[in-house]
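Order of writing sets the labels: A, B, C, D, E and F. Residues in every chain begin at 1.
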Amino acid sequence: MVIDSGATAWVLASTALVMIMTPGVGLFYGGLVRKKNVINMFALSFLAFALVSIQWVIFGYSLAFGQDVGGFIGNLSNAGLSLIGMGPAVVAGTEYPIPGLLYVMFQLVFATVALAIVTSGLAERAKLSGFILLALLWTTLVYDPLAHWVWGGGWSAALGSIDFAGGTVVHISSGFAALAIALVIGKRAGFGEHSIEPGNIPMVLLGAALLWFGWFGFNSGSAIAANGLASSALLVTNTAAASGALVWMVVSWMHGGKPSSLGIVSGAIAGLVAITPAAGYVTPISSIIIGGVAGALCYTIMLFRIRKGLDESLDAWAVHGMGGLWGAIATGIFAYSAVGGKDGLIHGNVQQFIANCAGAFAAVIYAFVVTLILALIIHKTIGLRVSEDEEYVGLDLSQHGERV
Amino acid sequence: MKLIKAIIKPERFEKVKKSLEDNNIFGMTVTEVKGRGDQKGITLQYRGGTMVVDLIPKIEIDIVVTDSESDKVVNLICEAARTGKIGDGRIFVLPVERSIKVRTGEELI
Amino acid sequence: MKLIKAIIKPERFEKVKKSLEDNNIFGMTVTEVKGRGDQKGITLQYRGGTMVVDLIPKIEIDIVVTDSESDKVVNLICEAARTGKIGDGRIFVLPVERSIKVRTGEELI
Amino acid sequence: MVIDSGATAWVLASTALVMIMTPGVGLFYGGLVRKKNVINMFALSFLAFALVSIQWVIFGYSLAFGQDVGGFIGNLSNAGLSLIGMGPAVVAGTEYPIPGLLYVMFQLVFATVALAIVTSGLAERAKLSGFILLALLWTTLVYDPLAHWVWGGGWSAALGSIDFAGGTVVHISSGFAALAIALVIGKRAGFGEHSIEPGNIPMVLLGAALLWFGWFGFNSGSAIAANGLASSALLVTNTAAASGALVWMVVSWMHGGKPSSLGIVSGAIAGLVAITPAAGYVTPISSIIIGGVAGALCYTIMLFRIRKGLDESLDAWAVHGMGGLWGAIATGIFAYSAVGGKDGLIHGNVQQFIANCAGAFAAVIYAFVVTLILALIIHKTIGLRVSEDEEYVGLDLSQHGERV
Amino acid sequence: MKLIKAIIKPERFEKVKKSLEDNNIFGMTVTEVKGRGDQKGITLQYRGGTMVVDLIPKIEIDIVVTDSESDKVVNLICEAARTGKIGDGRIFVLPVERSIKVRTGEELI
Amino acid sequence: MVIDSGATAWVLASTALVMIMTPGVGLFYGGLVRKKNVINMFALSFLAFALVSIQWVIFGYSLAFGQDVGGFIGNLSNAGLSLIGMGPAVVAGTEYPIPGLLYVMFQLVFATVALAIVTSGLAERAKLSGFILLALLWTTLVYDPLAHWVWGGGWSAALGSIDFAGGTVVHISSGFAALAIALVIGKRAGFGEHSIEPGNIPMVLLGAALLWFGWFGFNSGSAIAANGLASSALLVTNTAAASGALVWMVVSWMHGGKPSSLGIVSGAIAGLVAITPAAGYVTPISSIIIGGVAGALCYTIMLFRIRKGLDESLDAWAVHGMGGLWGAIATGIFAYSAVGGKDGLIHGNVQQFIANCAGAFAAVIYAFVVTLILALIIHKTIGLRVSEDEEYVGLDLSQHGERV
């Protein structure tokens, strides 16, 4: 296969689009926390981006996409990006019409945003040094293997499970990781006692806008081509987002509340998450359903979380974790061979449904358990949470010496 | 009349407001302020040394009440705002000579 | 000397300032505050029920004047700030013992 | 015609660029209103985006681009995007080198931003339920027919009127719609009595930056190709924006005021609006004139509006409506066949000038009258404006239960 | 007790705070305000005419002290805040009748 | 050579990406100044964009890329973009697979961001009229010749000096210009006496995010192709940024301070600056070194500047000027022919090292001296600095009549 300059152009642009999602998460999360923690929340995303950018080049890419070791992980054959060049990318036996280095870079921005999402579970109480250690371990021991399972020639793909743009790899992994961390480090001081209000809602909305924008590259760029499939992925991505936004708004409105702007954008993110694994496999009409169900589901799970007094603070679990789980299952249900060559349950292919459920639940368990162990170890050693006084004063001042 | 100036922790504001409402005290003016008390703020340790965060965000509630209500209001605020930890705040009572309702121009007493 | 503490509607602030200027009153300190009066805020109806917005943004103007000017200033503010609707505000007058000009250190009386 | 991957790459990227314009409008408008209405103003743009995203897929696209019915509207042949696929787009008899689904999606983001612009006329007083109904009716009964007239094979194109990227379809329609709505629902409380100042100017500037950025995709992407025409459209777009910005600044400065940042960015938007229909037809030097005149004209019209005590609050009419009208006329004047195959007045083609004026004025009347009727009906029934108390408290709290 | 209300230039706030600390005065409440004095603000010239910027950002420091400390504190602030240029600020002293520590409920005197 | 639609698509997209860098600088700088000057700082970037956009079309492009006059500057053969069309771009004898007008436009956005960076030296004290004059003179007499030297067929390229994406042309020129201006106009009132704190750190972070994002187009788009080289440039750009961010953070942390968010993003910018000239010539591993050294170096230079009481207020000199100088030298050191066809010092090519040093130092001197003269003349005539009262009140009010 030769390099196609159009495909390359679109994946280059998509890489930029996905890149902006990490600061998008920073804005989204930064606006959701109290004023005293805005800078920290935003900075954690930057830090996630920088850390993974280096780790990925040195060995992360190789762990995910290097030669398969037992279906579980890649070896270090591509460490330091050795053997990767300007010629066409070859990944797990498949050749793509874009340069190998571009494939590396496109995958890099996925790994960064996954880590950024995880920061939800540490919101307003993360100890900087502990976070840095956790970040490096998490991306290495959780993200890289999961990426390998699904895209790098691992067991999940072998099983037949499909994940177009990373519903399992990025969203299930990060969402359940956030939950595990939140359980380990405990609630924020005052959580459940007095109301903890978002400090800057317009910032959240801006973050959501950048996420929606970047997601076009995330899902459509995952076609690794500038063609009909990329176009179809773009369209269903947008439709699912819109559907999620409207359904969350309506459900929360009917539920006796007001239709908050946070609800609208949370619903959009839920829809985007859910369509991620399905983007290359489903029709526009299916995407309306997938996004809409995600809106209602994630809203319900968020209420459940709050009712349970669980302080997974910014709902990475409810939206990314559970939304991603629904997406993986939905892909198994709605996949249609006329779109992406695979049929799902409604087109009579039970096999696909089972494979997708298996892949997704395995990821849930793996991400949750390994993150739990990592978080526990760090929490008990160098510490993953700031002191009570530092938390009270706020992380901006106590961790960065800065204030809004 | 008295002006009761209460400087409290922001996280206790809702509770204080509720307690006043329950006792039929509604009028109030609220300002976001920063302050420190005699403990000079909060001292944080970090690798490079220590850092004193001396101006902590607080909520100031100004309430003008009749002389007779003054003590009750002070007590209500005191109880609702108290967490027992440092930084709980202060209440000052100042004399007020006149109080006028702008809408009607009437003088309250 | 007196401290006149006027809490008014933000949309009337320009008018009040103008009226004071016209009467040669310039010195003032202005703070953004929130407040509620005895009507307990504004009640909004919506599908799911009602909602009370109790802390409405206001402007607080603090003006220190000589005892003799005090009544005039109160009246000026009262007239300029009045819309006749609820939430027009309140004016409190407090005694001031000393007033010092920082630049010169001089004591004003 | 086969699909060209380079063209597809650019239209995919352009779709993302145009998408960010809707939140761009949200930021621009959100920053212009008072603090108590920032969230609402931003949320209306999100809502516009979500509503149109669904409507377009279900029947909007078909009304605009389905089989022509009497030159006025499309039929429902493409409802639910039926018959649209991954093969080359065929629109009103012309074949494009990009997938059909991508054409749908590219047009979708135009429809959304048009509706977002309309929210200017409802600023700081829109009742949420009324807005949602108006939004659906407006995009269906005003935007879709207009798009059909110009691009979908309708009478306006048949007449020979040209509109490269939507000066008439997007800007005249939304600007005059905003005016109609403002007339129906009346002034904001206190308008004309006390000054109503913008709550967050940096937010406006950021919004303007995103609009300028997105407009590159709006105009250049409308070439539906990655070629010389797309490049030329990009260049003239930028030049007109710059010219509009500088002229508005200078004119307002000489007019005895200070050169406000809001003036600079309003001028840029005016220039961008005016060049929109002309982007594929004029030279760089013409674009300096077109943008510059737009800057001066829209500034003058804004002053006129204020003098008349007309509360079309955020000047969609002055900038988009009148700027779009000027752009349509200017296209008829400055079009040069060496650029886009059409000559205008200055190259001796009176016909083009007349056709463009006819197309533009018809759009003005259609958009204004139909919107007026729709707004009146909704205003008299379920209501398009919040209660006095809700307005006083602010829409963020009263409509969304949120505050900045 | 006295309430010392000092309205100073923001750029002098650190110096004032430092000076008070050096004299063992820690308790204070700080508010961001805007104000103008008798010079009616600052007049700027520009092509189209002149422009008066009348409300300039200031910092208000409220300190409650015992009667005996009052004069010292006023002097300390005055000295640290003085730049000698207009807009240096004002200090007002008001009587305070009661001062209560919320944490303990104790009455300070 | 024929036009390649994929290359064109990527350069179109890259143009949009680079365009957003100018408002990115506006946000970055706007957040760093005090609240009373935020709007002004942001507006200066807009103004820079608009002024250069017009100047470039009328004669700036021609000065930079027109027929060579003595190795120093281009003549006016391309004034008004005459002779530039939709056919393939031919620049200094080389033909590119993109339209000529697109090359013009891509270069335009480089010229605008350079001027925006210069505003650092005028922060919080720029007189608007003086700035406008300086801007026009600077872009004409400093930027255009420098662009000609390096890319337009001038002496620097003839010497063999290489600058992939503008380390010398954009960053050295603007950084040293900012220094010269700061020296001419003097410190801000109160500088060194009381602390001058950044007014809006999240805004800085957002600006940094947009810069990082846009830089993908800046460096990768400079390949003027959608191929392996563009991909490699993208990857090393990102790696250098990440490395710079982490090193600045760690160095400042160990230096006894707290790891500020401003440090993280300043380090990222330093890394991006330093990799700019090298982006098409070095390996990923080299980019980690180049970026990391930039992080440490620029941090040190910033401390030096502060110690010297030098009020080059927002560190364009430390970060862009000195970072750019390091980048130019580093390109001479690390260039590797397997990447971009040129070897540097470590691959035994002393010649390249010398040529690059010569080119960079000549640019340092030229930019510094000419800017100094221009600034002096303007400062002594119409004035480059506002009055003491205007400065005290803040530029938002005094120059624009607006406030945050």
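Quick note on the criterion: a contact is a pair of C-beta atoms (placed from the backbone, for glycine too) under 8 Å apart; a residue touches a chain by one contact, two chains touch by 3 or more.
No experiment lies behind these values; they were computed from the predicted model shown.
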Minimum number of chain-to-chain contact steps, subunit A to subunit E: 2
Angle of the C-alpha superposing rotation, subunit A to subunit F, to the nearest 5 degrees: 120
B-E against A-D, pair bridged by the larger set of C-beta contacts: A-D
Computed distance of Cα centres, subunit C from subunit A, in Å: 51
Whole-Å gap separating subunit C and subunit E, where each centre is the average of the chain's CA atoms: 19
Shared-contact residues (touching 2 or more other chains) in subunit F: 4-7, 9-10, 13, 200, 206, 226, 257-258, 401
Residue numbers of subunit B (touch at least two other chains): 31, 46, 51, 94-95
Residues on subunit C engaged by subunit B in the complex (per definition of touch): 2, 6-8, 31-40, 54-55, 58, 60, 74, 77-78, 81-95
Parts of subunit F lying in touch with subunit E, wherever the complex brings them together: 36, 190, 193-195, 387, 389-390, 392-393, 397-398, 401
Contact set on subunit C toward subunit D in their complex: 11-12, 14-15, 42-44, 46, 51, 53, 56-57
Residues of subunit E touching subunit B in the complex: 1, 3, 17, 21, 26-31, 64, 94-103, 105
In the complex, subunit A residues that touch subunit D: 4-7, 9-10, 13, 17, 200-202, 205-206, 208-210, 212-213, 216-217, 220, 225-232, 234-235, 238-239, 241-243, 245-246, 249, 257-262, 264-265, 268, 284-285, 288
